Each structure stands twice: as structure tokens, then as C-alpha cells.
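Next up: the structures, one after another.
In the two complexes that follow, chain A is the common piece, with chain B as its partner first and chain C second.
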Partner chain A sequence: MEGYLIAISISVLIYLLMASGLALQYGFTGLVNFGHVGFFAIGSYTSALLALKGVPIPVSLAAATALAALAAYPLGMISLRLGGDYLAIVTLGFSEAVRMTLQTEEWLTRGMHGLPGIPRLFAGWVDPRMIDFCIFLLLLAVCAVVFLLIHHIIRSPFGRVIEAIRDNEVAVRALGKNPAQFKTRSLMIGAGIAGLAGGLQAHYLTFISPEQYVPLITFYIWIALVLGGVGSLRGVVIGTVLLVGFLEGSRFLRDVFTGVSEVQLASVRIWIIGMALICVVLYRPQGLFGKSSRRSN
Partner chain B sequence: MDWISIANAVINGVVIGMLLALPALAITLVFGIARFPNAATGDYMTLGAYTTIASQMFLGGSIVVAVLGAMTMTAAISLLMYFWVFRALAERSHVSRLIASIGVAFAVRSTITFFAGQDQYVVDLPLVRAWNFGGIRILPTDLYIVGAALIALLLVFCVMYLTPTGRRMRAIADSPELAAASGIRARRVMIFLWAVAGAFCGLGGALLGIKAVVLPELGWELLMPMFAGVILGGIGSPVGAVLGIVTFSIAQEVASLFVGPAYKVVLAFLILLCVLLLRPQGMFGRPIAAR
Partner chain C sequence: MMKQPYNLSRRAFLVSGTAAAGLGALPGQSFAQGERVFRLGALNSITGIGGPYGPYMLEAIKLAVAEVNAAGGAAGRKFQLFAEDDQTKPEAAVLAVKKLVEINKVEAVVGIWASSVGLATMPITNDANLITMNTCGAPEMLTENKKGLAWMFQASNAIFGNAFAEVARRRGFKRPAVMAFNNSTFVGQANYFKSAWEANGGKVSAFVIYEPNQSSYRTELARVLASKPDVISLSAYRPDATIILKEWYQSGQDCKFIMPGWTANEDLVKALGKEATEGLISISNVAAEQHPAFKRFAAEFKTITKREPDIFAAQCYDMVITLALALEAAGAQADVAAINGQIRTVTGTGGTKANSFVEGRDILRKGQKVDYDGASSRLEFGKHGETVPDFGVFDIQDGRLVLKETIPGQLPA
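After this line comes the complex of A and B, so read on.
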């Protein structure tokens, strides 16, 4: 039971880390990133491959963060100088292109077979029974640091500019700032956080394969964000806990509806995610717990 | 690479491009008039393909009836989603409609997999032999597909450029405020738009089901190539959507001879990046103000 609680908490924290990256991009800057899982995948594979080559895990995690952030740079530079929803289409395409590449380049990633035997965090440092708990503590610390960082970013002059871009881009341009540049930087920071989350997950699971990085994961994060209410860090935490609660809870549905096959159960789960996206956008645009006075769009 | 396989790839590209022109036109019309990129387009196609299969399975009967049934089904779902979701979001930001359309995509696809599972299906058609012109192969089925797509496209272009409804549609696409000020009621145009968008996705999906195997991911995986084609043609331009997606499909089929079919999505993504970098307004679009 204790082990299960720790496993769920780790799952919450990894989703939370990803969600905080998206919160910076969408909640505070208004960037529609539909390819978050692509940056997460880059982080996972970078850190895993480097660690398998014998690079120390802290270094490989730093590389994962940096590479994910760098991957966001061209996407931002190309699509953010244009108006409209190009970023959404470009990032969605990016995450699918990353997944296809991971599947095809077998010499590097072993393709669909996945990468087994990724070095575990804290392996050899602490008692094997305590590893999960230590990973939990580490993730808690990383989340706290990232939250402080985001909090600091929004309070900084940079943060005021990106929030101003979200609310009124024309006004920001009139003040002589280049919105595309600020938006690209916000995209890169968020992507870097997703990359770090990916790296940490790889060293927790010790096995990764391309099917873990389907677009559905991106929209899990989106539902967490819109459920909790856009533009607040507290909302991100609430949304993520609700999301993981739902994903875990839906496993127990199996015991209730015995006549339903595994595929049907997975369909019901995705259906609920889809319907929740529609209903929250339609009926609770401020999120489940947001104040209704402040319309985020 | 000999020229005969390239010629065959070009022919295949034209066929795929013509059938994808139907959903691509739906994307560009919805983008121009309802003002958001509809991410549910691909899954409406999937719905069309599965409706074709289901109607053949349970009703028997001809393929024509099945395809017409698929078009009716997707048009009905598309209208339902308009009345429930997109009409209510019309006054809100385009981002809210975009996110909701992702929700619609997931809801439609998971409903399909709930009933049909993850297995693949094929449309039941008599096998026909390809005509062989010295190595260049043409399937009679492909000619029917191109014919059906051409007729549907011609019909909609006639409606758009020759009838009052089409004129209203173009007026709203140009400027919703000006159209409203001239007394054009958006409601009827919107109903027409979503019915056509749905029916075209259904027809495209059914035709694709005839050409390939039917899988739950069929439409979703085409979303990216379709957006790339539409942007290449100039998003918002109906003629651009058709020419863009045909050009794009030919390029994709020829290129996959050299790099392998697994890289289709990657290629689509790279072409999209190049278009956005070099000519974001596409072949026929209006210039977009750089932000």
C-alpha cells in the first residue's frame, strides 16, 4: 500500500512538472503548445541514451533539459512571428515527427523494442527498498524549485511582458517590444521543463519506448491545466491531482464493469478526457475552482 | 530510381491528393468562416470510413449507398457539434474552439474504438485488375475515387461562386462585421458550412477506406499532412486548399520512394516548416501581417 501511494505520488509529480511547463507557455504567455509530449520524449531519450553510455545522471538530465529547450527554438522562431494558431499545428506535427523518428531510427533508439536497463536514480547509493521514496523526495524538490522559478519568472520584468502579450499583444508591440522573441523564450523554458520531466521519468521507469509518447499525453496535461484553471499555479496542482486521480481511479472501473474489454475501457477513458475538454471549455472556462469574474479568454 | 516508379508515385499522389482535397477544403472553409483550425477533421474522416464499413456489414447493399450513408452520418455529427459546441464558442477566443475541437476529436475516435475495437477493417469491393501501360499501373477504383472527389468539389465550388448562399459565405469569410452590417444572417451560412464540412470529411474518409485499410488512427494521422497541404495552398483559400494538398501529396509520395514511408509525417512536418519560413501565406493565401 505504501509502495502504491509512493508510485502514485511520483506519477503526480512528473505530470505536475510537465503541467508547470505548459502553464508557463499557455497559462501565462497564451502559447498553444499541442506537442508538449515531443519535448518530454526528447528529454527521456536524451537522458536515457547518455546515461546508458556511462554519463553521470545529473549531467544527462542537464543535457535533456537543454536539448528539449533548444528543440523549441526553431519552432518558436518560425511560427511565433506569424499570427494565428500556427504554433498549435507546428508543435503537434513536431511531437508526431519526434515519435516517428524514435520509432524508425532503430540503430539509436531500438525502435519499437524500447530502451531497457536505463540506470536508475540513486541506484547503488541507497538501500534498494528506499529508492522509490528517494525519487519521490527528489521530484518533490525539483517541482518546488521549478514552481519557485516560474513564480519568480512571472514576477520579473520578463514575466510582466509575457502576461501583457497574452492579454494584449498589439499594446506590447506598440511599446517597442518584440513579442515573438519573448514568446519563443517562454516556449523554450516550458519545453526545457518538459525535457527535465522526461529525463526524470526515464530514470524512474528504467524502460522507455516510443508508444509512451503519444499525443494523448499532451492532452492529459491540457486537461489538467484547463480543469485547474488557466493562469494560476495552484490551479495546476489541483488539475494534476484530479487528472492522476481519474487515470488511477479508472483502473478500478474494471472491477465494477466486468463485461467490458480492455480496449473498451481505454476507449471510455479517452472519451471522458475528450468530453471533459469540451465541457470545461464550454461551461467552466475559468476552470473548476477559478473565480468566474476573471475570464481567461 | 527509374522513371516508371516515379510516374506511379505521381499517379498515386494525385489520387490521394484528390481524395484528401475534400477534408482539406473542409479545413480551409472552417478556418475562413468559423475561424479556427478544426482538429476534429481527421476523426470525422475516420467516422466516415467506419460508417461505410458498418453500413456494408449490417445493411449489405451497394458501396454507393454506404458512402452516401457515411456522408450523412458525418454531416449529422458535424452539425450536432456545431449546435452544441462551436456555436456557443463563436464569440469566444479561437483558442477555446481549437481546444474544444481536440475534445471532439477524442470523443469521436473513442466512440468508434468502443464499438469497433482496434482491429483493422476493409471495405468490401470486388477485386479489379489494374490497367498496365508499360509498367504504369492505373487502378479503375482510383479513377472512381478521383471522379467522386471531382464531382463533389465541383458541386461545392458551384455553390460557393454561383449561388446566394455561396456569396454570403464568402462575405462572412471576408469580414464578419461587414457581412453582419449588410444584413447577412450568419446562422444559415454556418449550418451550410458545417453540413458541407462534415459530408466532405465523411466522403474523404469513405474513399480513403476504399483505397487503404480502415484503422482508428486513419484520420488523426492525416491531420498533420492535411494542415501542411492547406497551409501550402494558403489557408482560407478554397482553390489553394485543393491545389496545395494535391501538390503536397504528389511530393510526399515521390519523396517516400527515397526515404521510406515511415517518414511521411516527418516530411509533412518539414514541408510545413519550410512553407511557414519562406511563404507563410502559401500559394493562394492573402499576405499575413508578420507579428
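After this line comes the complex of A and C, so read on.
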């Protein structure tokens, strides 16, 4: 039982890490990033490939974070001069381009065969039965640090500018600030966090393949954000817990409703998430913990 | 402020939601108290790319479990089944298998279909010392099977690719082209076809890997057909094969296809009609088609699902029966390692042939060795837990599969 709870918690924390990156980008800066999974994938593969070459895991995780952040830089330069919807299209295209690259560059990534046997975190350091628990503690610590970091960022002058960009970009420009520069930085920080999440997941699962990095993951993160409320760190946590709760909780429905077949249950899972999303949008458009828009009327 | 028109139904929603949550607190059904059961996990791809196959694999598992339990269980232990959907995704599979291990406390996991799922869950099942049985085709499954607890009921894609090339050679084709769905199994199959063909000095006229989930494959098909192949080795699943063959038929170009049996079968004929499927060459390791175990299984499967079983369903059926015979041979008090040790023994050559659980059990009770020949193949496991089945080569003629020859499966040289 504990092992399963730890596995779920690890899943929640990895999603949470990704969601906090997106929260910084969308919730606080207003960047519509539909390609979050692309940065996650870059992080996973960077860390996995380096670790397979014998690089120590902490170093490869740092490289994963850095490379994911760097990948966001040209993307920002190209698209942040354009309006918000264009960024959505460009980022979605970017994440698919990343996935295609992972699939086709077999010399590097082994393509669709995936990368098996990625070194596990803490392997050889602690009792094998305790590894999952240690990974859980590590993720908890990483999430705490990232949340503190984001909290700090949004309280800083930089944070006030990005929030101002979200609420009224024209006004920010009128004040003599260059929104593109701030947006690029916000995009890079969020991407770096996603990259770190990817690296940690690779060293937890020990097997990755390009099929894991489909746009659906991006939209799961978006669902978590919308459920919990954008622009609130508390909302991010609640949204992520709810999302994984819906995804995983449906497994236990069958233990109660014995007449339901596995096929029906699979549809129920998607249905529950869809209904929850519709209900939130109808009754609490700002999300469970979101603040109502600060946009001046 | 705009009036919200849904206030009343919100109350209704809350009430019904609370009621549903309350139902959740009711205890689940209890099973065979006091009797020592064998807790069996089924991890199937119910949704995702495996969707066309997973639900029927689970049906086959249920069928076999019912058969074993109707006979009084294996070594007196009845099977209790816990089924989970892996969504054909490694990360979902990890959580599903953790649930099976931690909460349902299963002793074996059967029905794993995708190689990505098999590779992602193997570290967990190995740590927990669980027997796993799968239909994965990736050769890495053999190298990652470090504890010898995993059993591959499907031929690896190396063996499949080799068999495809062998059939193309025997039929006298000169210019084969390769077209494959982009996943680990099929890309592997395509690569092994190419290397097996080129090892004999031949050349592949075109080699195209296509991205799945498209509404049309015209571009990819045009590239293949432009090379004027006399046969196309098409490694595909049913949804994409249906579109590709339809578009090929419309093109009017003459050429043959060699396809895996889980795609080129009666369901494909139903989707495409007899004309478009006439002359397709279908290869599968249901060389046991004429075999009593397969005939009996197929008949029972058909009464439940109203359709013919595919190879994966037959393999899943064999998984449970093999496991049950191993348990019977190891005895009621045996631990997982002892049961695992019997799997090779109850399927290996040299024993008295058995085609069902009851037959095998009765032979074991007489103190003799048993050799279970399954519904999917003769089931002789190699040293890494792999099967090397014989392949049946079928032609689709007038909408029916007609067995033309049987060729021995072999690993590429």
C-alpha cells in the first residue's frame, strides 16, 4: 500500500513540477505555452543520455535543466514579438518537432525503441526497497525549492513586471520596459523547471521512449492549472492533486462497481476529467483557488 | 453580473456527487475467504494504440482463469484476477503495476502487450519478484530479463522480420519494399527484414516508416509504389492497414503484401471487402490453427465475444494455462521462484503432450512430465524466456485465410 501511495505521490510531484513551470509562464506572465511537454522531453533525454554515458546523475540533471531552458531562448526570440495565440501555435509545433527529432535521430536516441536501463536515482546508495521513498523525498525537496523560487520571483520587481505584462502589455511598453525580454526570461525559467522534471522522471522510470512525450501531457498540465486556478501557487497544487486523483482514482471504481468492464471504465476516466473541467469553467471560471482577474475594467 | 442559469442543477449535482462518494465507501466484494488463492494480475492495453487488441486479450485471460477455476484451481489454489489498463503508456503502466503489486498483492502479471510497457514495468516486477508474461517483440526484453522472471509469448521482431524475408524469398519476389508503423516492434521488424533480405545479396526497393494516427497515408504509399515493388512487407496494425490498403487498391497498381497475422485476418476483410484483400499474405504463429488447444479456445472465445480470437488473445490464454500448470507442478506451498522454475518444464519437449489445463494436470498427477502445446504456438522457451514458434503462411482467398505452408521460425544469423 505505501509503495503505491509513494508511486502516486511521485507522479503528482513530477506533474506539479511541470505545472509550476507553466504557472510561471501562463499564470504570471500570460504566455500561452502549448508545448510544455517539449521541454520536459528535452530534459528527460538529456539527463538519460548523459547518465547512460556515465555522467553522475546530479550533473546530468543540471545539464537537463540548462538545455531545456536554452531551447526556450530561440523560441522566445522568434515568437514573443508576435501576439499570444501565435506563441501557442509555435510552442505546440516546437514540442511536436522535438518528438519527431527524438523518433528519427536513431543514432542518438534509438528512435522508437526508447532508452532502457537508465540509471536509477539513489541506486547503490540505499536499500533497493527504499529507493522510491528517497526519490519521493528528493522530489518533495525539489518542489519546495522551486515553489520558493517562484514565490520569490513573483514578489520581486521582475515578478511585478511580468504580471503587468500579463495584465496589460501596452501599458508596460509605455513605461519603457521591453516585454519581449521579460517574456523570454519567464519562458526560459519555466522551461528549465520542466526540463528538470523530465530528467527526474527519466531516472525514476528508467525507461523512456518518444511516445511518452505527446501533446496530451501538455494538456494534462493545462487541465491541472485550469482546475486549480491560474496565477496561484496553491491552485497549482490542488489542481495537480485533483488531476492525478481523477486519473488514478478511477482504477478503484471497479473494485466498487463490479459490473463495470475495463473498457467502460477507461471511458469513465476521461469523462470524469471532462465533466470536472466543464463544471469548473461554468461555476468557477477562475479555478478553485484562482483570483478573479486583476485586469482593470 | 450575469445570472447563472445552473444553480438548481448544481445542488442536484452536489447531492448525486455525495451519494456517489458514499457508495465508494462501501466495502468491495470479498472472494473465497479461507481458501488460499493465487492472485493474478492482468495488465492490458485497454486504451491507446493497443485498444483494438487489449480488451480481447483480457477476455482470453478471463476465459482461461474460468477454465482453471472450474477444474478446482491449480494445486488446489483458485486464481483471483485483478485487471488494470496500462493505456499503452509506460508511465501509466508503472502506476498500474504498482497498484497490482502493492494493493492487490499479485504473484504474477500477464497480458503485457507493448514493449514500452514491458520495459518500463520490468524493473518493478523484478524488484517485487513477480512472474511476468508478455507479448512484447523488442529484443531488449531479452537482455533486460535479468532475473529470468519474464516470458515472451510473442516471437521477437528479429524472428518475425526474418520470417517475412524468408516468405518473400520462397514466393520468388525480386523487388520487395518495406513499409512500417513507427513503433519499436514494427521498426525492428522492418530493419530485420531489410538485413535478412540484403544478407542474401538482394536489395530493398523502398524503406518507409510512417507516423501513425493519420487520416491518409497517400504520400508514404506513393513513395513506396514509385519504386515499383513486386511485394510490400507491411508491418501495420488494423486501423492504419485499412487506410493504406484502401488507398493502394484505389491506385490500381499491381503488387502483393506480406503482413502480420494480427492485422491481415477476417476483421480486415470485413473492413475492406473481398476484392481489396484478395491475395494478401498473412503470417502468424497460429501454426497451431489446426491444433486442438486452439480449436477449443477459439470456439469458447467466439461464444463469448462473437469473433475469432487474434494471436494476442491466444497468447494470453496460453499465459494463464502455462502458469496454472507450473503452479500445479510446483505444488500448493511453492513460492514464486519455484513456480517460475516449472514454467520451462511444463512446456518443454520430452513430456507427454497436453492441450488443456485439465489434461496437463492429470498427467502431472500421474507423476509424469508434461509438455503443454498451446493455442498460440508449441511454446518452447529459449534461454532468455523467448519463444521461437513456427510460422503459418496464409493467403487470403475469397475473404478467408487459407494455410499455404509452415516455415520454421529462426533467429537471424
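As a convention for this text, the second predicted complex is superposed on the first by the 255 of 297 C-alpha atoms of A that agree within 3 Å, B and C clash if a C-alpha of one lies under 4 Å from a C-alpha of the other, contacts with A are read in each partner's own complex, and residues count from 1 in each chain.
Heads up, the rule we're going with is that a residue touches a chain if its C-beta (ideal position, glycine included) is under 8 Å from a C-beta of that chain, and two chains touch if they have at least 3 such contacts.
In this text, all values refer to a predicted model and were calculated from it rather than measured experimentally.
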Inset, instruction - Classify the contacts of A:128 with the two partner chains as first (chain B alone), second (chain C alone), both, or neither. - result: second
Inset, instruction - Have a look at where A:3 lands relative to chain B and chain C in the superposition and call it first, second, both or neither. - result: second
Inset, instruction - Could you look at A:112 and tell me whether it touches chain B, chain C, both or neither (first, second, both, neither)? - result: second
Inset, instruction - Check whether A:251 is in contact with chain B, with chain C, with both or with neither, and answer first, second, both or neither. - result: second
Inset, instruction - Classify the contacts of A:11 with the two partner chains as first (chain B alone), second (chain C alone), both, or neither. - result: second
Inset, instruction - Have a look at where A:282 lands relative to chain B and chain C in the superposition and call it first, second, both or neither. - result: both
Inset, instruction - Could you tell me if A:103 is touching chain B, chain C, both of them or neither one (first, second, both, neither)? - result: both
Inset, instruction - State whether A:207 touches chain B only (first), chain C only (second), both chains, or neither. - result: second
Inset, instruction - Kindly list the residues of chain A that each of chain B and chain C touches, one partner per complex. - result: 103, 261, 263, 266, 282
Inset, instruction - Show which residues of chain A lie in contact with chain B when the two form their complex. - result: 30, 32, 34, 74, 78-86, 88-90, 92-94, 96-97, 100-101, 103-104, 169, 173, 179-180, 216, 219, 222, 226, 261, 263-264, 266-271, 273-278, 281-282, 285, 297
Legend entry - Parts of chain A lying in touch with chain C, wherever the complex brings them together: 1-4, 7-8, 11, 103, 111-114, 116-117, 120, 128-129, 201, 205-209, 211-212, 247-248, 251-258, 261-263, 265-266, 279, 282-283
Legend entry - Touching residues on chain B, where the partner in the complex is chain A: 36-37, 39, 85, 88-89, 92-96, 98-100, 102-111, 113-114, 117-118, 221, 223-224, 227-228, 231, 260, 262-263, 265-266, 268-270, 272-273, 276-277, 280, 288-291
Inset, instruction - Spell out the residues on chain C that touch chain A in their complex, using ranges where they run on. - result: 4, 6, 10, 13, 23-24, 26, 28-29, 44, 46-47, 55, 58, 83-85, 87, 89-92, 94-96, 98-99, 101-103, 116, 119-120, 123, 127, 138, 140, 144, 182-184, 187-188
